[in-house]
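See the structures that follow.
Next, two complexes with chain A in common: one pairs it with chain B, the other with chain C.
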Partner chain A sequence: MAIATEGTKPIALDGGRKARGNLTRARIRWVIVAIVLGFAVVGGRLVQLGSVVNDPTIEGQTRDAITATRPAILDRNGLEMAVDIRVPSLFAEPRRIIDVDEATEALMTVMPDMNREWLRNRLTGDRGFVWVRREITPALKERILQLGIPGLDFVTESKRFYPGGHEASHVLGAVNIDNQGIAGIERHMDGESVALLQELGIARGRELAPVELSIDMRVQHVLHQELTDALTRYHAIAAAGVILDVRTGEVLALSSLPDFDPNVPATALEKDRFNRITSGIFELGSTMKTVTFAGALDSGRVKITDQFDARFGIRFGRFTIDDFHAKHRVLDASEVYKYSSNIGTIRIMQAMGKDEFRAFLTTLGFDKRVPFELPEMRDPVVPATFSEIVAATASFGHGLSISPLHMAVATAAFVNDGFMVNPTLYKRDLDAARQLYKPVISPATSQEIRYLMRLNALEGSGTRMNRLAAGYRLGGKTGTAEKVVNGRYSSDKVLNVFSSAFPLEDPRYAIVILIDEPEAENAQSGRTAGWNAGEMSGRIVQRIAPMLGIKPDFNEGLDAAIVQAAMR
Partner chain B sequence: MIRTLNFILVLTSILGLVAVYGLKFSVEETASSKFALERTIEAQEAELSLLKADWSFLNQPGHIAPIVQRHEAALALVRIDQKQFGSFNDIPMRPAEPDTDALDELFQLLNAGIDPIDQILEQILEE
Partner chain C sequence: MFSRERKTRLAEWWWTVDRQLLGALVLLMIAGVVLSFAASPPVAERLGLSPYHFIIRHSLFVPPAIAVMVLASLMSQRQARWAALVMLCGSVVLLWATLRFGVEVKGARRWISAFGQSVQPSEFVKPAYAIIGAWLFSESMKRPEMPARTIATVLLGVIIAALLLQPDIGQTALVFATWAVLLFLSGISWVIIFGLAGAAVAMLFGAYMFFPHFARRIDTFINPDGGGNTYQVDRALQSLLEGGWFGRGPGESIAKKLIPDAHADYVFSAAAGEFGILFCLVLVGLIAFIVVRALLAAQRQSNLFARLAASTIAIQFAMQCGINLAVNLNLIPPKGMTLPFVSYGGTSMLAIAFGMGLMLALTREKPQERIATGLPLYRTALAPAE
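Take a look at the complex of A and B:
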């Protein structure tokens, strides 16, 4: 449709259809640009969202770890021994604080015990999170909220609370401020494998299944109170005790004084606060004679009616071993036990054979730590082989150091028809315990040991104890061990032990009581174990037996039944 | 025809926009009320944990014993002695019941004017 004209370019006019087509193309282009821009915005936003780093930690710890709860710990009757309480903790976000000086001054008005300089430094800077004070009271939280300082906030933390205070301190142990177990059963609960953690309920979120211990808080209270009483009554430097169920190995009570307050874990670090039952090793003195007798009687080489010459001391090179309550006559085996004759015990051990005696100590597990939940443990010190003199002193409890828990477990096995079972702090039923039984002596020997223990209560060093615990058929062996001071045995510093069991016609509970450096209660009383550790055991049994369902029985037929037929 | 279609499309997109925003706001509201509820629960849990701790503290033997000691004199409390325990076997059997038939007979005799004692006395005198 071009019109050709001279000298000019030909004028070309687009047709209506073509013009509309161009316009549409331009519009499409603009729409494409708009859409691309739109997608670019969405994509940019996505990148922005993706690159935001959400810091889940608080000063290097995960928030979960801080707010994590621990399962409650219950005693065997369901009484709480440890619970979690949820308390506020104050933190600051320094980058959001406008006026540091004003904030510092305001905080000082409600928490005057804080260090002003420290607080000011803490709140200055560009950090996103700093602790100001952890585990405060709800009342203090209210007052801080009323100050209305921006940049301060609270996190609810779990704090461990031990309602019993001192009473079960060595059993429970303690946790640090981040609620991690640092001692005792709390530490043990954390150290278990993940599978067991789940079994205990720790890894199951907020609602945690409580952990049931074998401890009976009533018995624990009595033990703790009597030990506290002993410290003042006998001016002792320390006292400790453990009560075991002989059939199941459950620990009903365990206490060692001086102790600490688990609510203030720092007190556990003070001197001499260690757990003497598990991590103290001592020469337990004459209580070891029960062990020697059990081994010798079980070997069959010694009979309870055998006679032993205790007229003269026994010489080993330049040492002579003599008796404390010397009778200087021929004694039969039960008299050796009753009068706690060192000479007689050595002769009994020699009749058994020193290597057999050493092997018997291994059978009882005296070579290694007692398998037990508490992490506070120390290796016992028992010579690997016994020379004549070491075997002789070991037979009456010197020259080898074991923990009182070793003695308690051995005593429990001796009266439990000879079946040894590892002690535990968790609840265990009789059927489960029977699976773990390990025979160490025969039931017949167990009968004889029960007879000897009861005889000692009726006629020997346990008579003072027996008067207090009359009717509960308690019996045991005293031990007065001279302590080593500057490398020699001291006659004024003694460690007194009483290991006992009751009711002896059908033993249920074993007790080991330890008292360190006691003095005579008054001018008329003595300082040997029967006067303090023995009497303490009597007082404890008098109080706990009714709680444990043991009825006093004054029927003399019961004692007669324990007496061996051979002895009648 | 296209015009009406466009109109319908614009209308649906406006409606969709309103619906999406409505949903967004309602979700936000639900989220904030959920958050508020969570805070309440947390506060109440904290309070509950304190009350539970209080309760277990008050129930500890170590807490109750001093209270008992304080009131020992007023309530005349003493520690139980072994001699104070007993069992059902120690209780004597109930005494034999009185012979009611014999008594009835006696009263009837007395009412009838006969005194058995008199009779016995008379018998003795006669002998």
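Take a look at the complex of A and C:
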């Protein structure tokens, strides 16, 4: 037993030197293991740091929006109305800027218009991305590069460019700095599909199919130019116009002055730059008589040959309504229209019945906004039920406010054999439009309205216009509405409207022209719509009709045919 | 010159020294010069000096450092001991003199002006103490009746006291760790090792309690958003991230310009931006190669003193590198520790070169076991003299 227990101890002791050697060698081995582990940790940390993927230039989500492209917008003939161009945008990485003061001073030398304090605050801090200035010129980019400031860099962005400048501003609208539509058709497009495409990332750096509008830039140019001319000629505060293809509802031109430059969207925010055609609602005055006539003639209770007593004003309680161009005699229906007799119109409306008249306005869509692409819209103000006096004033265009676009669409329907079609800014062919036709009056009534409109051009308030647009068979109704100033109708401030169509033997285009607070052109001229809105329409048609393929024709027989068709 | 035909001292050195280790050390010095091109110009500019100020001074110290290293590696064990002893005495005296005559920089007296050159004596203490400590421990292992171990511990106390008074926590820790490594290598029992590890933790805690600047660094590391100053570390990490795997190329890095100590403690991260993570991995690999190869060579030594001394110096080198790299990579709280041969610092480079030279000397292939005939010992019947 004793031997066995001793056997557990080493019998032969190693030499001290060997034992020490083994011991220290083992300990060194431990140290080697520890050191290798330590360096492995360091190496692992390096690999981890190397694997950190940091976006080399840009942080955050900004990237998605900025490189997003938008489809080009073309007019109906393929002319470019809006295109994307590639421009540099300057951004900074404040955490990499070494000397903020130096960088600020250097930038101020090339961009002296910047605010020094703002810039310094912008460049200070530990952020990885701030915009300094978006959408700069390549020349400016070159100069900034020459400065050699670390921490500044550029990204190429898509910038919306409108070659026409002001010309179609209210149609096109504008986009914000992130290329999202904020107004006009640009905004509408976003609502439709572009926003979705951008969200999905499809619209990035890729060409999108261009969007074709119904606008004809040549016609748009004429309209815009004539409206600009009118502002100075009549010292008006505003002028607006819209030209519709009556068959398809396509908007050929739409302009409202004062307007803005879509390339500088901030200008749209200035006062009174709104789109008067769609988002302005007005008492459109005597142009409403066309509507009253259409409704009354179509009801069958009034014939175009009927006589109406316009000798005395009509009393409603305390009020008496009289005529502006008072004849004070018995007038037949066409004379009522020609002389724009308020009394006669009220009698015609009363013959039709005020509730029927109100129902007809609903048929025409005057109760709600015109279904249209532009987002800038305002609800019309039309009383839900008509009392006697409200119906009476409404029949000649007071006491209810609608947009000029309402009037244009109604006028188009009246001359288009009574078929109403919603207006559109996109191209639409005749077959597609026919699917949308909604009859509002009979074709026979349409013939009568065309006759009345042409008659007014030949013998009524439209004669000045007719001389300017001779041969284009243009006809329409004037409207001179007194504006409400401080709760009272003012005779000084008027809103003049001319709603017309041409060529009336086979109507193709409807025009509504509006001019706000015009003054007489000179001492010899008047201030009513025939003098300004009418003449403007004449000048416009004189220029656009040849473009639209309408030849001037001075054959008297054409007018006779219009009369015959109406009197049949 | 290195011909084997005649047994010159140089030829013998050449054929017995670890040439791969020597090559790796020279390579590390060259890397240091290259990295100073990347890291130091912004610092020099910030100090209002010529952009090449630190590069030139760094480069000027490389040839003397190589000379010191080679000369030291020529020594025999006996010469090495004597050289280390002289250096230890001189540097300990200087260390204490620093407390009285030193220049105060950033609240610490670590530098002393000698011979028109500011010297950090603690740099010279480290390798000298490693050699002398190894000798004392090996003696105590061979002759436990001698109070060699106690002498080593007293010596440690003298050095540490001076270092703590400067104060220089980093060097204190390094010298203390050197002593601990010697204890470990000399075969202290594991029980005591864990006991001492506990003591080390307690000492760190004590440092945390009594040295406010140390405590602040720890706090800031644990809670970087706590308002502490993490500027330097943040910039270092940014520089590391900036370069990615392959770096931005010489002169292209921007983040490094923001690192205050880019030429010294943070040269590694400053260079990372320009040369990339892969280069950093190679550099770490080179350092690891030096350490592991030196340790393996030390393991082969039959002489106890040589084994202990060489491995202690190698471990000291590894600890210094490891702490510096870990700080650069934000793995541990910031600690003023230079990267040997790579960070700027003239006299410290000479001190490290001296230590590495002794390490090379002690890992030579048994020069001491040759007899005058030039024949290796195993060819003779004589017993080695330990």
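In the analysis below, the second predicted complex is superposed on the first by the 488 of 568 C-alpha atoms of A that agree within 3 Å, B and C clash if a C-alpha of one lies under 4 Å from a C-alpha of the other, contacts with A are read in each partner's own complex, and residues count from 1 in each chain.
By our rule, a contact is a pair of C-beta atoms (placed from the backbone, for glycine too) under 8 Å apart; a residue touches a chain by one contact, two chains touch by 3 or more.
These numbers come from a predicted model, not from an experiment.
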Point to revise | Which of chain B and chain C A:39 touches, first, second, both or neither | key: second
Review point. What is the contact status of A:96 with respect to chain B (first) and chain C (second): first, second, both, or neither?
Key: second
Review point. For A:526, is the partner it touches chain B (first), chain C (second), both, or none of the two (neither)?
Key: neither
Point to revise | Partner chain in contact with A:125 - chain B first, chain C second, else both or neither | key: neither
Practice item. Classify the contacts of A:383 with the two partner chains as first (chain B alone), second (chain C alone), both, or neither. Key: neither
Exercise for review: Using the touch definition from the top, say if A:191 reaches chain B (first), chain C (second), both or neither.
Suggested key: neither
Exercise for review: Give one of first, second, both or neither to describe whether A:49 is in contact with chain B, with chain C, with both, or with none.
Suggested key: second
Exercise for review: Could you tell me if A:20 is touching chain B, chain C, both of them or neither one (first, second, both, neither)?
Suggested key: second
Practice item. Note which residues of chain A are touching chain C in the complex, please. Key: 16-17, 20-21, 23-25, 27-32, 35-36, 38-39, 41-43, 45-47, 49-50, 52, 54, 95-96, 98, 150-151
Point to revise | Of all residues in chain A, those that touch chain B in their complex | key: 79-80, 83-88, 138, 156, 161, 163-167, 217-218, 220-222, 224-225, 470-472, 542-543, 546, 551-552, 554
Review point. In their complex, what parts of chain B are in touch with chain A?
Key: 42, 45-46, 49-50, 52-53, 56-57, 59-63, 65, 79-80, 82-83, 85, 87
Practice item. Under the touch definition given earlier, write down the residues of chain C that touch chain A in their complex. Key: 141-142, 181, 184-187, 237-238, 240-241, 244-245, 254-255, 257-258, 276-278, 280-281, 284-285, 287-288, 291-292, 295-296, 298-299, 302, 304, 307-308, 311, 315, 318, 322, 325-326, 329, 331, 386
